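Here subunit A shows up in two complexes: once beside subunit B, once beside subunit C.
Right after this comes the complex of A and B.
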């Protein structure tokens, strides 16, 4: 008898990278159902185009790099699913394809592919689309209106609460409507209740830490209460509209805790999320676009290693102090 | 202290059916029992502390929990004279292994006699048996007392062995493995030399999971044949399923006094390596609060000078990071081998100076 040498441990946890990615896919599916309910079949079609184009670009890039395609790697599917959800349901298909191209071929593979990208691919793709198709990205259809696949019919457009806020106005929407997503905005980011459920699911599955979204949202809420953009109305209203409008909650669940670009330690993650919320709120106050969180996230991605080093230093100091006591 | 119980990993223990079945003797009759000649009395009350240490020396007992000779440990501890409590280590927090725990159920009299002798040798009054608490799949109930000796149930996620001191706050404890205590009792009663080791045979390739008493020097392949293989295993492991060493030649590898388990695992066909996605689960589970992610990345890139910043020398080699890794990378093995290399280099450097 002779056996191969192998390394300890000999038992492994049953979850794999595929499980992590498929968890996120499962969490994204209800958002597509909600989008289809409010905006029709076009929402599903946008998702399909997003997924298909990212997977195709991903395969091409892997081939170019001379690597082997791993069919169990679902990260491109996740990127492709996240992208259209941050856009309005009336976005042209070409925007989604371009955003997917930028996400995969500019933000992901030049840095070394899965696990090595410095910037969040979906955020990069969105930022590119926001700069190139500003009009299409920031005019939203009224929910429950019929949107044809080819956009030939006349569609009722309206301003999103995020835009109204940036003009120092008070959006006129009911609290319940906002929870259910019955207000104009990105097709997957307005369904607050569903997003909260997705967040709980991902936290329960330990795919994301609770610290990241909670720190992000709490910091944003505190800043919204202290520096309200709406001149009339109370603090609570300001907090509600700031958190519920745009892609604030969507970012805190699907963009910010993305494993590759976020810091590793819990301490670092909390600091990272809090700083991210501060940048996002500053951008909302002084930025040119109605929705600038994504630019804040990209800025933050570059800081992640620094924040992580800071977290490591904190832990080292605590450790040395504890040892000194003992 | 913070996060003491949230760090680490939750494991399925797989202790049954080995724990509830009897300890099987698998002994070579010609060398099974050898005895030493001595004047030391068989009367417990007539024994002095030095006699007991002498017994441990003559019987050549090795403590399986740390690999030291029992008489050396005892005489060193006796001179230190600060100890207040003796703890019999029956923790066994790694899956499949129950060779230390089973003593409590199968050989309680010998175990308690061993504890009694050790307590007498050290001149202390308190003693306790430490057992892992997070066992859901065992059919026997862990008792509160074994022959009047209290059983302390240590809890928390794997690894607990390193945290055993936390459960005896305010006490200066002296840890001895249960197997060594049983051998000590035999040395006293029969003047018998330690020629056997208690091992658990298990793993998903083994037909009969059981605890065995095996002569040291028995080939691993003989042990495997005795218990029966269900299929050709991919790896045969000596030691725990998370920290053990895989062996290549079971015919030429033998059971030693340190061996606590022989495990055989089949190939996991579903298991495939991915690239690291930086999910930081290894950071979440590390019981020493290190960042295995950065350790691994820096080793991969060859930046060994950065490893000190990430406190590589504080790693306790528990293997939790590899266990949890969703990309199935060899995180722990890489970190451990680099750590040993660095320590060796450092020692060599010190010698030159």
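Right after this comes the complex of A and C.
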């Protein structure tokens, strides 16, 4: 009989980094279709530029570090696909390329590459772009207008509902339009129904756990209901606009539950998501920019080990109490 | 670091060249990381960087020299008083340095560099130099040493400042170069941190590579010397035998 010598994991689960990443890519594709429907071909072109630049920067960084390029690694593709979806369709191409550069060469590879990054690459790239191109990032085109590839035509710009809320006004959009994404905003983050379907798909595939997005959205909804920013004080309206405007749901599905930067245990993940929502709402109330979720996520990424330890403590105390009863 | 020391000792250069270590091999910003805060925050243009460098030179060099003189000729001063004396001297020297940079640049440069100018009065460069070097060496050597350290600080500040100004504002020394593509984030502290981090990585890699080259040169030198000696010996022996 012939024995093969090999190291520990003898029974492998079929999930790997590649399946996780390909699931996320599948979930991101419908958002690109919706963006192309509302904003034209430029949306898909932006996505292509994002993917291409991030893959190229990834290869350069891996070569620079003296490692081998792994063609089965799709994480750079995911980063490149997420980045343009959080930006308006009229963003210059240089912004996407710079955001991809910051995401890959500043946030990911100096910390050790795939699986070792301290901060979420896509969130870092978005934060850098938001601070460098504030005007371009927060003025959005009206949906269903023709946007040329070179931006030579005159385009109707409007402010997003998030900005209207920050000026304590009431956005003038009805519920169905909000669900279908027919309101100005980032090109991939306004399609609420599609985003919800993506979330369900990812939860069904067990790529993300359901606790993170649910905790995030519930905390945000409760805070929006208790401290409404709109002057009429209508709680339901406040919750709807706060959750649907900006990149709130997009963040909760694609950025917050990222396996590398988030805590490991379920309890810790729930705490992490709830605190993230609280920071996001505080930033919306008092921050300078219209959208501050990403900064909250970055802050929490640095605190992820602390949150993990806290979750561990909670689990232990609960177990001790149970043992004491029995 | 160990290997580099050995090499320079072998070359017989260490005693003479260690004074100039501060310019590159132990650069206070990029290699040893002694004074990072002004580079990361305040040096967002070449002018501000140069102003800070001038302040650093004026403050650091006399302080370290006086520290050397004190430790050499006044041995009765208790040790716990030393930092107080250094800070008093350097804070006193800040006043003329600020008048100088106000005369060279606009008076508004004081607002541009903000709190990081006055903070240079007690930077860790002064303390590390004043504690390490001058206790044993001559005051002139201590002055040279601190001058090389502050020159290295100024050099790296100017590099960081010009990179940040070109990328952030598209200008250098106020002259417009490229107004089309600018990254505003580099004028902010987080951009400065990123710039300093990347430059520090490159500088440390450069130090490693230079050390490697020096080591190879040293091995070659030894080999040649040994060969030369053997030839001499052989000739001498041959002569004796004959």
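One rule holds in what follows: the second predicted complex is superposed on the first by the 307 of 326 C-alpha atoms of A that agree within 3 Å, B and C clash if a C-alpha of one lies under 4 Å from a C-alpha of the other, contacts with A are read in each partner's own complex, and residues count from 1 in each chain.
The rule we apply is simple: a residue touches a chain if its C-beta (ideal position, glycine included) is under 8 Å from a C-beta of that chain, and two chains touch if they have at least 3 such contacts.
Just so it is clear, the structure is predicted and the values come from calculations on it, not from any experiment.
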Partner chain(s) touched by A:260 [first = subunit B, second = subunit C, both, neither]: first
Which of subunit B and subunit C A:287 touches, first, second, both or neither: neither
Touching partner for A:13 - first (subunit B), second (subunit C), both, neither: first
Which superposed partner A:5 touches (first subunit B, second subunit C, both, neither): first
Which of subunit B and subunit C A:169 touches, first, second, both or neither: neither
A:94 touches, of subunit B and subunit C: first, second, both or neither? second
Partner chain(s) touched by A:132 [first = subunit B, second = subunit C, both, neither]: second
Residue contacts on subunit A - larger count, subunit B or subunit C: B
Shared contact residues on subunit A - subunit B and subunit C: none
Subunit A-touching residues of subunit B, taken from the complex the two chains share: 1, 9, 11, 95, 203, 221, 233-237, 240-251, 263, 265, 268, 271-272, 274-281, 283-284, 289, 291, 293-294, 309-311, 314, 319, 322-328, 330, 332-333
Contacting residues of subunit A [partner subunit C, same complex]: 94, 98, 106, 110, 128, 131-134
For the subunit A and subunit B complex, residues of the former touching the latter: 1-13, 15-20, 70, 72-73, 75, 113-116, 206, 209, 259-266, 308, 312, 315-316, 319, 322
Residue ranges of subunit C in contact with subunit A within the complex: 181, 183-185, 188, 190, 194, 197, 201
